Structure formats: C-alpha cells, structure tokens
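Each of the next two complexes has subunit A plus one more chain, namely subunit B in the first and subunit C in the second.
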Partner chain A sequence: MEAKKIGCYICTGCGIGEAMNVAALEKVASKEQKIPVTRSHPYLCGAEGVGMIRQDMANEGVNALLIAACSHRFKTDEFQFDTPLLDRVDLRDKVLWVQDVASGDATAKEDLQMMAADYLRMGSVKLKKMEPPDPFQDAGFSKDVLVVGGGIAGLTAAKEVAATGYRAILVEKSAALGGMVARMHKVTPSRAPYRELEENPIQALIATVEGDSHIKVYKNAAIRSTLGAPGLFDVTIHNGDTLTTERVGSIILTTGYSLYDPKKLDARLGYGVSPDVVTSLEFEEMAKAGKIVRKSDGQPARRVVFSLCAGQRDANHLEYCSGACCAYSLKHALYLMEQYKDGSAYVLFQELRTPGQGEEFYRRVQEEGGVIIKGDVEKVEKGAAGGLRVQIHDKLLRGHEQLEVDLLVLATGMLSTVDTSDPNNPSPVGQVASEEAAYVLNLDYRQGRSMPELKWGFPDSHFICFPYETRRSGIYAAGPARRPMGIAESITDATGAALKAIQAVESVARGAGLHPRAGDLSYPSFRREGCTQCKRCTEECPFGAINEDEKSNPQFNPTRCRRCGTCMGACPQKVISFANYSVDMIGSMLKEVEVPPADDEKPRILVFACVNDAIPALDTVGRNRTPLSPYVRIIPLRCMGSMSLVWVADAMSSGFDGILLMGCRHGEDYQCHNVRGSALAENRLSKVSETLNRLQLESSRVKMVEVNIMDADTLPALINDFAAQIGSMELNPYKEF
Partner chain B sequence: MAYDLAFARDVYKNSEMGHWIKMCKQCGVCAGSCPLGPHWEHSPRQLFQLVRAGKKEEVLRSNSMWMCTSCYNCIVRCPRELPITHIVHGLARYAVVHGYADPKQSTHRFASNIFWPNIVSTGRVGEAMLTMRLYFADGLSAGIKQGLEMKDSALGMLKTRRLNPIPLRGKIKGFAGFKAMLAKAQELEKKREAAA
Partner chain C sequence: MADDRTAARTILVVGGGISGLTTAVEAAEVGLNVLLVEKEPHLGGRVAQHFQYFPKLCSPTCGLEINYQSVKNNPRIRVLTLAEVEDIQGTDGDYTVKIRQHPRFVNEKCTACGECAKVCTRQVPNTFNFGMNQVKAIRNAHAMAYPNHYFMDPEYAGSEEARSLVAVCPVGAIDPTMTATLLEEKVGSVVWATGWQPYAAEKIQPYGFGRFANVSTNMRFERLANPFGPTEGRLVRPSDGKEVKRIAFIQCAGSRDHNHLSHCSRICCLASMKQATYVRRQFPDAQVTIYYIDLRAMDRYEGFQKKVEADPGVRWVKSKPARIDEDPQSRDPIVIGEDTLTGIRYAEPYDMVVLATGMEPNSASTARVPAQGVAYDACGFVISGGPVLAAGCAATPLDVAGAVQASTAMALKAIQSAARRG
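Up next is the complex of A and B:
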C-alpha cells in the first residue's frame, strides 16, 4: 500500500456545530495532529458530505479516513468507503448528547470542547497506528461441510447444505440412517390445522440424501481425529477396516440424544415392577409394531397412564425439561384412543408444555377424550386382574386415587451425546488418534479432545444470542445434540446450522472472522522472538485457537480465531497484536488525552468499554440525553479479554485519576460474546494493586463493573458516582511529570 | 373405580353442553372470575375435573350448579371458550333427571322451584311475591323475622325502584308468545332426553 494519507472530516450536524468550536477542532486535527486534509461539513452523512470524502480519496490521494460525527454504530452504510483504514470519532452520542450545555455555562462549554478535542486526538493516533489487515489465506481451504450424525437433524443439515450447492459429508455411526425418528410410528402435526398425526417423514428424507450426488455418506463410521481449523479440518473417518481422511471447511454436530436410563428412576415410578411399566420409546415401538398390549400377558392395553417428566426437572435426575415429551406423550394418548374406541388415556403432567400450534394438538387429544391430570405417580403395584394398580396424586382435586390400568408409560428425558466431560485430555498435537474412545470428534485442541460444555453436558454456546454456535470455531451444533428438542425444532435447527456452516467456509475463504466479529479481516500476529513460552495466551484463548508445540511455543490457528484479542491482553510481553488493534495503539491513544494540570482541579477518568454491550448501552445513554461527568474519556475495546495491564500503568503514569472498566456479566450466566473475556480481565485486574502500589496510588482508583446492553438507565449513576468518588480523592500526583 | 370414564362419557353425551367438559384445561380462570365463587362447594373447574374422575355422587350432590346467577363472567373469560354457564345449568338439569337435588333437602333447588312459577305466570319476575314465598317457606314467624332482617335492603331497593311492591302484577305484552316459546323449549328438551 502507498503511504498513508489521512483525511479528517468533522460533521457539524445534529447540533455539533452550534455547541462546539469547530474551527478549533479542525486546528487540533490539522496543526496539532498534522492531518493533511481536514474538512467540516454540516451534513456529512448526506450525499454531498459523503461525496466530498470520495472526491478527496479520488483527487487528493486520501486513503485513511477519520470521520468525526456520530457513534460508529450509526450511519455504517453511509460511511462505507473503499479503504480498510477508517476510524469513527464519536462527537455526538458520547460527547454532545451527554453534556449539559444548554444553560450556556462557560465551564460546561469549555469541558465539552476539551472532550471533543481529546476524542479527535485519540482517533487520529489510532488511525496513525492502524495498518491495513492482511487477510489470512491458505491454498488448502475446503468449502465442504461435515455433518456428524444421520438422524433427522443430520439428514436435514446435509440436504440443506447440498441444496445450496455445497458438498456435504455425512458420517453415521450405525448401519442405517434415520436415528431415533426412524424408530417412530407417526409424528406430531407440523401443518395446519395441527390436529392430525402425520406420516413419519424420515424414509423420504433418507432417500433424498442418499440420492443426492452432493452428499457423501459414511455409515458404520466413527471419527478418529479432527485435526486443524475451519477451512482446514482434516477429519479421519474410521469405517470398517479403513481410515479415510476428508478435508472439510466446517462441521455440523447432529449426534442427537440418548435417553435417561429408566432403571435409575425413583422407585415410586415402578420401572421394573412389571413389564407393563414401559418408557415412551418402548410404547412408540409397540405402536409402530401395530398392537398396543400389556407386555406381561399380551392382552389389549385399553387403560394407560402416561406419566410426564419421569426423572426430568428433578434435582436428583435431569434438572432440565426435554421440551418434546409433552407433545410426544399426547401423541401416544392418541395412538391409544385411535386403536381402542373405549380406550382410556390418562396423561399425568407437571406443566403441560405445548407451545405455539401444539395447543391445537392438545385440544384434539382432549376432544378425543384424553384425560389430562396435573399430578404424580406415587406408587405402582401389579394389578389384581393383571396389569397394574397405580396410585396417583391428583393435584387438581387434591386427592390420592388408585387406578387399575394396563400400562404405565414413563416419559424419560434426553441426554447429550456430545462428549463434554474431558476438557483436559489433549490429543498429541497434529496426530491422528489411535482410537475413537468416547469422543465424537476427537478434536486437536490444547484444551482437550471434547467439545466445551455450556450446561448439563450440552455443547451449546450462548443459546439465546448465538444459536448453533459452539466454543469451537466452525463447529456448529443442531438438534438435540445442541439442547433437548423435538422433530420440528430439529429441522429448523439443522437448517440454521447449515447456513452457519456455509457462512463459516465462505468467511474463512475470504480470510474473515466468524461470529462475533464476523467479517473482521485482521487476525493476531505474533513476534516469536519476544515470547517467553508462558502459555497464558494458549490457556486463555476462549476458543482454543492457539495450540502449543513441545517447547510451549504458541501455534496460532488463524481460522479458529474470533478476533477478540484475549491473547493480546493476556500476553505480558506484548508480542501479540493485530494490524488494526494493539497494545501500543490503545496505549498511545490514552497518552494522547490532554490531562489538565492539577491546579485546574479537573480530574480525568478513563473508561474502557466493551464494544458488544457497554458501548451500545452508552449510546443509549446519549440518546436519552442523560448527562455524564465531563471528565470521562471512553476507549472501546473489542472485548474486556483484550485488556492489557500495561494500559492501567500507562494511564496512571499519564495522569489519569481513575479507570473504570465496563465488561459483560461473567460467571454461570455469562453474557460475554467471547465466553470469558470479562472474567479474565477481572482476574488480571486482581493483580493491578501491585502496579498501583509501585506507583504509590490507591487501588480504589481502578474499578471494574459489569454492564449489560440494557443498562442505559443505571449506567449514568454508575459513571457519575465513580467520577464523584475520584473527585473526592487527591488528584493523581503524576500529572506534573 | 377411580377415573372410570363411564360417568364422564354419559355426561359428555347426555348433559346439555356436557361434551365441552372434556375441553377444560383446568386453568382456574372460571373459579377466579365467579362473583359467587367463595360460596360454591366446587368451582366450575373442580366440578369438571370431578366429572372426569368419575365422582358421580360428589358432582350431582354439589350445590354449585344451583348457585350460578348466569352473570356470564366465566364464559367471557374462559381461554378455551367453554360455555361454562350453560354447562353448569346442564349439570343442574342432569342432577334433577337422575333423581338428585331433592327440593326438600336443597334450599337452592327450592329457590329455583319458586322462581320458575313466579316468572312463568306473568312473564316477569314479581319481586314481592318471590321474596314472600321464600321468607315464609319456613313458617309465619320465621317469615316475619327474615322480612324484618331484610327491611333496610327492601326499602333501599324500593327507593331506587329496583323492587315493585305490588305482589300481583299484570302479564307482559305478548304473553301468549312467551308461553308458546317455553312450551316449544320444553318439548325439544323432552325429545332430547327421550332420545338419550
């Protein structure tokens, strides 16, 4: 790239021009920061303003843009130019809109001006330090998608991948495709009016997949090793006596579920008392075979109790709800009443969960005469005339009753089939494992061969914000492998995951980052000479992107990287950086803030704010026009995980009086986009008192808080209280140096 | 036997609007909506669950069906859109047909027995006659005592013109049509019950 030529463009719209001395700001840019082209415009995001910038790029050779206008989160389409070197300085949302200048008070006006000038300085330095990223490329990138597990979710995923023109490789461990659904008789309604049972769709789906030339199917197969990274996964498939290695770009995990062992259930549910106590799956298979009968003597089973939540939502068994058994058991009640016109179906529930159109199906089962009772099975004995005597607690009538029935059907819950239990057993790096053991993928990660767990053994990432994502880049989970769910949801899930998998191979091919920094072309570069093999980066990377060689040297897998910068923040030697984000860059930015002499009694408070949650919350504070302390200077960070302790020392020695860090909620219900960035930052910060003590400063000058994107109402008080606390302390003595 | 569905199936078939009972999902909105709820032995929800549980005696001896004032609050609020008021009246009738709700044992049934001839004789409610019949049912002194107890209420109702003091009043306009309508309804009901 030719030499960098910066153009600074100050928007004077939205009241900026009236409230600030724009000529003085232009001077800061042109004289102080020596930016060759500096202009202002009353409506920069309009066609004329944007046109002015384009003209400068065409005629003046401007190739790096400093746009001082609103928050970087707004007008992104308007301010899109053909250069990777662009920075947005926010003069509106986080400056003008949070300062009360309406009164015309001279001090307030002066503070506003200082604030705007500081942000302009920081932006200018940032842009000067910024280099165009060089996207990671590899000649061996594959765009094929591996699907693991050939049940309804896996078949759907493979079908959808192939339908978009990509190649899918489907690996199924058993001899036949179809999984659990293939064992079912009929399925719950998926179409209006949501009242009729539907034919099992699995055989048609299997035929579609097996007949699709874009899909390669391995049956009786297991995965011995998954080496590499997105775009470059080398998957060794063990199939009969042969080992085949396939190169794929991304992976969809659709290994489905296994059922909770009914022998472990509470004795009151009676499993084992008589062959007439069966699981839902046993009942399903009986219906598929044709006749619903007592298992004990083969007599017709006309009276049946269906007990939901067997060993589910129960602290002693599965703590969670499998989500599909309510509709599944209602279907079973219907099987019974369809087979026997005088049949009696009793459904015992805790909470009957038939969301959405499931309500129509619930109504249908009631219409047919199914009796739905809120209650529990208390005791099961063999019946006098064969069958069973079941004592139930009817919570609706507050009574305990004995029922003579033919069968008791227990709805047991779904268990994860993805190995998440062994996080500390890494395979030898870069080698094919000698056996499959209990691993689905046999990953080649420093953090282990299994998938990281979210909860209860499921490998999901943050399931509300980022469905299908796991903590292993380019590996997506769908269907009950992700979390318990039924058929309709699994189909939707598999389709979604297929699109994520395709997005992944395409992003990797462009050298772009995946979620949450989708499209980011930068990736960490590493100065090997400076590395002390301390392993902090390899241990802390939330996505396991960095492996280690035998000498503990970090080995970066750029396509696994999510560009959060946690490795950069972790590195005590400052050898990890991005072309457009580095320890030096942020350090230089904060040093550029003009700190007034102690006599002015104007403290300076540095705020490091996470771009994912805290920055949007601060923008909302601006939109609400809630005043913030004029002494605050905000620097957005990619993630709190990228926070380097060097900056704390830099800020303190530059004369800042306090530092406030705004990260996301961490712990069990974490909200960090990068899993544990804020937790790591807090951990690092616990060592900061050492630094402060060395500088002979109080550790209360540095504070970390959790900020949620919805916290715009509480955020101003949080900032202003901290500012007041800092204001009440002695000013930082390092100002004078 | 508990939860034997024979009784429930008979109610579904032979009690007016009885087939709706199977659609109840036991949310309890009816129980919470009934202005007389605290005075009922069983809320509509409970009544319906008792039907499903095969508790014939409890259902048919319940006073609940006789307490309904037809305010229709439950019908308006039922999320499953059950015609609860009508189902409850149906159950009252079902109880009578099956020999339950003896007027000698049930004050509610007794009240309903004096209400009916009162309204049928003229086509409108004669409040004075209705209350007199009710108060004096237990003898003269009990009637006077009850009347005096309710004196203030009666005077208040008089003042606000909610009570007509004349015991015997003329028939409504179109009385013949009213009679014919009732006769037709009774004929239809008999026919339905005969068919059942």
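Up next is the complex of A and C:
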C-alpha cells in the first residue's frame, strides 16, 4: 500500500457545531496531529458529506479516514469506504449527549471541548498506528469437511455437505453405518399430523451416503491424531492395519450418545432382578426383531411398564433430562398396543415432556389406550407366574399399587460421547476436559487433546445465542453429542453444523475470522526476539490457538484465532499485536489524552469498555442524554481479554487518576463472546496492586465492573460514583512529571 | 458452488427476528447474498421484547448486538424494514417476489437525534410494550433498535403537525407524503421466518384477561421487567401500581388445549421459571406460585428448573386452574382450582396473575405465505417444501437456541435450493 495519508472529517451536525468550537478541533487535527486533510461538514453522513470524503480519496490521495461524528455503531452504511484504515471518533453519543452544556456554564463548555479534543487525538493516534491487515493465506487450504461418527447425525451432515458441493470424509468407528438409529424399529412422528410412527429413515440415508461420490467413508476407523488448524487440519485415520492422513478444512463431531449404565440405577428400579427388566434400547431392539416377549421365558409380553427418567434428572445419576425419552417411551407403548390388541402399556412419568407438536403424538397414545401415570416404580420382584411384580406409587390417585406385568422398560439417559469422563462432574468452566477422558479427535493443542466442555460433558461454548460454537475453531458438534436430542432434531442439527463447517472453510479461504469477529482479516503477529517463553499466551487463549514448540516458543495458528486479542493482553513483553490493534496503539492513545495540571483539580479517569456490551450500553446512556462525569475518557476494547497491564501502568504514569474496566459477565453463566476474556482480565487485574504499589498509588484507583448491554439505567451512577470517589482522593502525583 | 448468477446466489429471508437474522447472517457468511425483509420498523422480533433469556438470565440484546454487527459489516446482506412479501412466483433458483415497502415517513438520512420527537405532541399506545404506555407518534421503537432510524405512525403522518416536523428535522429526513412502493426482486430461494405472536389471552374466558386489570400475560411481564419498559423495570401491578409480591403464573394458558392451541409451546414453563427469578430478585420477600400440568424443562434446561426449585420463595402446584375471580375491593385476582397431587381445592388471592400464554404462529393469520402450494399443519405452522423453507417458530415452537439451530440448518437448505435451477 502507498504511504498513508489521513483525512480527518468532523461532523458538526446533531448539535456538535453549536456546542463545540469546531475550528479549535480542526486545529487539533491539522496543527497538533499534523493530519494533512482536515474538514468539517454540517451533515457528514449525508450524500454531500460522504461525497466530500470520496472526493478527497479520489483527488487528494486520502487513504485513511478519521471520521469524527457519532458512535461507530451508527451510520455504518453511509461511512463505508474502500479502505481498511478507518476510525470513528464519537463526538456525539459519548461526548455531546452525556455532557450538560445547556446552561451555558463556561466550565462545562470547556470540559466538553477538552473531551472532544482528547477523543480526536486518540483517534488520530490510533489511525496513525493502524496498518491494513494482510489476510492469512496458505496454499494448502482444504475445503473438505471431516465428519466423525456415522449415525443419523453424521450421515446427514455428510449428505448435506456433499449436496452443497463440498467433499465430505466420514469416519465411523464400527463396521457399519447407522449408529443407534439403525438399532431402532420405527421413529416418532416428524411430520404433520404428528400422529403416525414413521419408517426408520436410516437405511435409505446410508444408501445415499454410500452412493455419493463426494463422500468418502472410512469404517472400523478411529482418529489417531488431528494436527493443524481450520483449513489445514491433518487428520490421521487408523483403519485396520493402515494409517491414512487426510487434509480437511473443518470438522463435524457427530459421535452421538452412549446410554447411562443401567447397572448403576437405584435398586428400586430392579435392573438385574430379572431379565424382564430391560432398557428402552433393549425393548426397541426386540420390537425391531419382531416379537415383544418376556426375556426370561420367551412368552408374549402383553403387559409392560415403561418407567421414564431412569437415572435422569437426579443428582445421583444424570442431572439433566435427555429430552427425547418421553416420546420414545410413548412410541414403545404404541409398539406394544399395535402388536397385542389386548396389550396394556403403563407409562410412568415424572413430567411428561412432549413439546411442540409432539403433544399430538402424546394424545394419540392416550387415545389408543396407553395408561399414562404420574408416579414412580417403588419395588420390583419376580412375578408369581413369571414376569414381574412391580409396585408403583401413583401420585395423582395418591396410592400404591402392585402390577403384575411381563416387562419393565427403563428409559435411561444419553451421555455425550465427546471426550467426556463424567457428565455429573464436568470440568470447571473455562478449563479443558479432563485428560483422562477418551479423545475423539486426539487434538494437537497445547491446552490438551480433548474438546473443552461447557456443562455435563457437552462440548459447546455458547448455549443460547450461538449454539454451534465450540472453543475449538472450525470444529462443530451436532446431534446428541452436542445436546441431548431426538432423531428429527438431530437431522436438523446436523444440517446446521454442515453449514457452519462450510462457512468455516470459506471464511478461512478468505483469510477471515470466525464468530464472534466474523470477517475480521487481522490476526496476531509475533515478535519472537522479545518472547521470554512465559507461556501466558498459550495458556490463556480461550480457543487454544497457540501451540508451543519444544523450546516453549509460541506457535500461532492464525486460522484457529478468533481475533479477541487475549494473547496480546496476556503478553507482558508486548510482542503480540495485530495490524490494527496493539498494546502500543492503545498505550499511545491514552498517552495522547491531555492531562490538566494538578492545580486545575480536574482528574482524568480512563475507562476501558468491552465493545460488545459496555459500548452499546454507553451509547444508550447518550441516547437518554444522561450526564456523565466530564473527566472520563473511554477506550473501547475488542474484548476485556485483550487488556494489557502495561496500559494500567502507562495510564498511571501519564497522570490518570483512576481506571475503570467494564467487562461482561463471567463465571458459570458467562456472557463473554470470547468465553474467558473478562474472567482473564479480572484475574490479571488482581496482580495490578503490585504495579500500583511500585508507583506508590492506592489500589482503589483501578476497578473492574461487570456491565451488561442493558445497563444504561445504572451505568451513569456507576461511572459518576467512581469519578466522585477518585475526585475525593489526592490527585495522581505523577501529573507533575 | 460454481453457479454465480445473482438470483441463484441470493436468498430471501422473510422475518427479522432471531430466526430470520440467523438465517441471513449464516448464509451471508458463507458468501451468499441475502435480502432480509421485516415488517416492523426494526429487527430483533420477539426476542428484542424480552428482558432476559433463560437459563443464563442474560440480555437478548447482547447476542442481537453480535448479529447486528454481522449485518452491518456484511455488504451481502440487504435489509428492508416495514416491508412485507406479497407474492412469490417461480421455482428453486428462480423466484420473482413482490415486496410492499410501507412508508416510514422518515428516510435514511435520519440521525436519530430526536429533535422531531421533542416537538411532536401526539401520544399513541406503545405497541412494543403491548400498549401498556404511551409514546410519541414519531420515534424509535426502543433504546436498542436497529436500524437506528425513527419512524412515524401512518395515522399521524396525515396530520398538520406531522407536516410541520419537516422543517424541524435538521437533515431533511422527514417526509409525511411518503407512500408505499412495490418492489420486484429475483431470488433463488425463500426462507419463511415470520415467528409467532402471543396467543390472545382474552380468548381464555375463565381467566378474565381483559376484564381483570391484574391478570397479565408472560410477554407483557417481560416488558414490565425491562428497564426500558413501561414501568422502567419495576414490577408493579396495573390497577394501582402496588408492588407485585404475591404472584401466580398459570402454565398452558391456551396451550395443550384443543379449544385454543393444541400444541405445547415449549418455552412457557421455562419462561415462568425465569420470570419467577425476576420477582424474587426484585422483592426478596415475594412469594411466587406456579400452576402447571407438566414442567417442561427439556434436556439441559433441567439445571435451570433445579435452580429455581431450590428457591423456597417459589411454590409449585400441579393443577390447571378452573377460573380466576376478582376481589372487587382490592382488585386482587383469585385463582380457583384443585391441586391434583393433594386433591385439595383452593381459592387463592394474588397481587397479580401472569398467564403463560403460548405461541401462535404468525403464519396462521397475519403472515400466510403468498405462494401456491404451501402446506400448514393443524396449528398453522408452515410445512417446509414447495416454494418456501420454514425456519424457527414459523415451523414449530422453539426456544432461542433451538431456533438458531433450525435457522442455521435452513440457511444451508436455502443455499442448496437457490443453486438448484429447475
């Protein structure tokens, strides 16, 4: 790129021109900051204002834009130009609209002007330090998708990947495709009117996959190791005596579920008392084989108790609900009643869960004569005439009853098969799964070979808003491996995961980041000479993007990177930076703020604010025109995880009197889109008192708070109280230097 | 995807709620062009009205912000608000759609400075808050609305005052003479993501919604809890502004009922548990009662149920109440019924009763698909196939995570359909 030529454009609309001395601001830009082209316009986002900027780009060679107008979150379509070098200075929402200058008070006006000038200075320095990102490229990028697990979800994922025009490689550990669903007889209704059992779709799906030239299938195969990163994964597949390495771009985990061990169930449920106490899967297989009979003597099983939630929703077993078992058990009741016209199906439930149109199927089974009872199995014995005697507690009739039945079917729950050791003892939030777990992918990540789990062994990272996300970029889980679910939902889920996998390979090919900074072309660069091998970056990256070589030097994997900057914030040596975001850039920005001499008694408070939650909340404060302390200067951060302690020291030695950090909620129900950013910042901050002590400053000058995007009502008090607290302290003695 | 003709690379997404937004963003991030059409003046749909999500009790705006950033940063997504699709003709890969662009009376020059609203004297019921308060007839829908442009109510646009606002706007954004226009667009596939509306609670006669001031609904309660809602987040009852300290939630109000909605709306149990936490957090001495048939906290949401169950201030009664009466003096609603676990009849007064009304698909009434060959199930949910793919709650009642999951899947199906030239 040719030499950078900055143009600074100050909007004087929305009252900016009336409240501020724009000529003075222009002077700050042109004289003090030496920006070659500086202009103002009464309505910059209008066609004429935007046209003026375009003209300068065409005629004056301006190729870097400093746009001083409203918040960067607004007028984004208007202020879109053909240059990656652009910064928005917010003179309106976070300056004019949060300062009360209506009274005409001279001090208030002066403070407003100082604030606007400081933001302009900061923007100018930021733009000067900014370089255009050079997207990461590699000649070896693959757009193929690996699918691990050949059950209904895996088959669907492979089929959908291929149907979109990409190649899929499907790895199945057993000799046959089909997984759990292949062991089933029929499936619960997925189509209107949601009353009829449907033919098992699995064989047709297997035939489609096996006949698709875009899909390569490995059976009897396991994954020995997964090296590399999105676009560049090298997956070694162990298949019989041979090892094959495939290069793939992204990975879908559809390893399905295993069932909770029935031997661990409470004794009252009677598993093991008689062969006639069976699991749902055993019953399913019996129905598939044709005859529903007592296992003990092969006699027809006409009377059957189906007991739901066996070892589920139970602190001693699986704490969660598997979601699909209620519908499965109703299906089993229907099998029975279809096979024996005089059959009796007793379905014992805690809470019957047939959401959505599943309610129609529940109704159908009731109409067919299924006896649905809210209650528990209390005791199971062998029956007098073979079969079983089951004592139940009927909670609605409020009585205990003995039932002579042929079978008792226990609905045991689903466990994710992705790297899970014990679903009731998941790894602490923010840490990778136990190393004792069995690894599906055998990842080559410095943070471990397994997939990090969120809760109960499921490998996702954003349960509500972005359910496909995991903490391993380009690797997505689908079906019951991701969340307990039934067949229809697994098919949908696998289709969605196929999209995410395709999206990952396409983004990587463009050199673009994935969620949450989708499309970001920057990635961290690393200055090796300065590295002390302290390992903080490799340990802290929430996505495990950084490996280590044998000498403990960090090895960056740019396509794993989500561009949050946590590595940059972690590095005490300042050797990690992005083309458009660096420790030096932010440090230079805060040093550019003009700190008034102590005699003026105007403290300066630096606010680092998370760009996703705190910044929009601050914009809303402006929208509400709620006044904020005029002493505050706000710097948005990509993520609190990128917060460097160097800035705290820099700010203090530059004469700031206090620092407020606004991160998002962390802990078990974290909101951080980079999973651990705000938690890591808080952790780092716990070491800040050392720095402050060295400077002989009180540790209460630095405070971190959790800010929610909807906190516009409470944020002003939070900021103003902190400002008042800082104001009541002695001013920072370093102002004098 | 060798085919790069524009229509075959363009997807129409109808509905800008969480499902439509997700479909749009996910498809655009693969590299497709997306036309996103929303009938309201802003995106965000039903979730934007919510205070918090279960189970994390976090703000929907946080996730929406990420989606809006994706929309803003991605030139492949074109958004039309106040627009409705009127006609769909064609086959996969080659659809011609007609879109009615309703007038906003404020053009894209708007900077949301608010000068017009200062001058406007006309107050209208705030539909975003279900009419529980009044707002200016020219406004932004809510604090976090995207696009951040004002709009004017059509009834107001004809007034003299509205015409006078033209001169008030410093950037010339106001135009009360704006009229509807009809656009024609070529697209390769259509995703129908028109979402849901709360079931009309007044139809559940015995519960007295509409007759009794202190009988409300779960969606209204979301707005009451919201700091930007009609009470600025204070949980007070409509009749006299009294703090809501004795409150009942009635589950399946209109759901799982052949006379109303025959399906289960999936989210209402969890929504009431969540709303119980709003009450308990605001008033630590409050008592919450939840009347339910079955508590449906499916799969991992079980953990959230356990968390709410651990709160001694929440009482659970397995019962579908027979009716609600009102104490004429206190205006307390009295819930009457029988506890099915104990067989004991009850008649209990509360400060307020919240009906956990279910999801009625918009496709059953206001958002029918304007195309031949579209099938619906008995509840009016769209069955995918033919000219449209149904995403999110247009297809089935879903929680947010489920809607995102299903909409992501539909983005892929839409990409495949668009590329398939008949």
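What we mean here is this: the second predicted complex is superposed on the first by the 708 of 737 C-alpha atoms of A that agree within 3 Å, B and C clash if a C-alpha of one lies under 4 Å from a C-alpha of the other, contacts with A are read in each partner's own complex, and residues count from 1 in each chain.
We adopt the following convention: a contact is a pair of C-beta atoms (placed from the backbone, for glycine too) under 8 Å apart; a residue touches a chain by one contact, two chains touch by 3 or more.
Only a predicted model underlies this, so the values are computations on that prediction, with no experimental measurement involved.
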Is the arrangement of subunit B and subunit C around the shared subunit A a clash or a fit after superposition?
-> clash
What is the contact status of A:N442 with respect to subunit B (first) and subunit C (second): first, second, both, or neither?
-> neither
In the superposed arrangement, does subunit B or subunit C reach more residues of subunit A?
-> C
Partner chain(s) touched by A:Y346 [first = subunit B, second = subunit C, both, neither] = first
Look at A:E367 in the shared chain and tell me whether it touches subunit B only, subunit C only, both, or neither; answer first, second, both or neither.
-> first
A:I709 contacts which: subunit B (first), subunit C (second), both, neither?
-> second
In the overlay, answer first, second, both or neither for which of subunit B and subunit C A:L403 touches.
-> first
May I ask you to decide whether A:D394 touches subunit B, subunit C, both, or neither, giving the answer as first, second, both or neither?
-> first
If you stack the two complexes on chain A, which partner ends up touching A:S329: first (subunit B), second (subunit C), both, or neither?
-> neither
Would you sort A:A498 into first (subunit B), second (subunit C), both or neither based on which partner it touches?
-> second
Choose the clashing stretch of subunit C with respect to subunit B from the list 133-141, 223-231 or 331-339.
-> 331-339
Jot down the residues of subunit A that show up as touching in both complexes, subunit B in one and subunit C in the other.
-> 352, 374, 396
Enumerate the contact residues on subunit A facing subunit C in the complex.
-> 13-15, 43, 45-46, 70, 73-77, 80, 160, 163-165, 191-194, 313, 319-323, 349, 351-360, 374, 395-396, 398, 455-456, 458, 463-468, 483-485, 489, 492-493, 495-500, 502-503, 506-507, 515-516, 518-519, 612-613, 616, 620, 623-624, 664-665, 669, 671, 673, 708-710, 712-713
Footprint of subunit A on subunit C - complex, ascending | 1-2, 25-27, 29-31, 51, 53, 55-59, 61-63, 65-66, 69-70, 72-75, 108-109, 111-114, 143-144, 148, 170-171, 226-228, 232-233, 256, 262-266, 294-303, 306, 318, 340-343, 375, 377-379, 381, 383, 396-398, 400-402, 404-409, 411-413, 415-416, 419
Where on subunit B is subunit A touching in the complex?
-> 1-3, 5, 8-9, 12, 22-23, 25-26, 45-46, 49-50, 52-53, 55, 80
Which residues, counting only subunit A, touch subunit B once they are in their complex?
-> 344, 346, 352, 362-363, 366-367, 369, 371-374, 394, 396-397, 399, 401-404
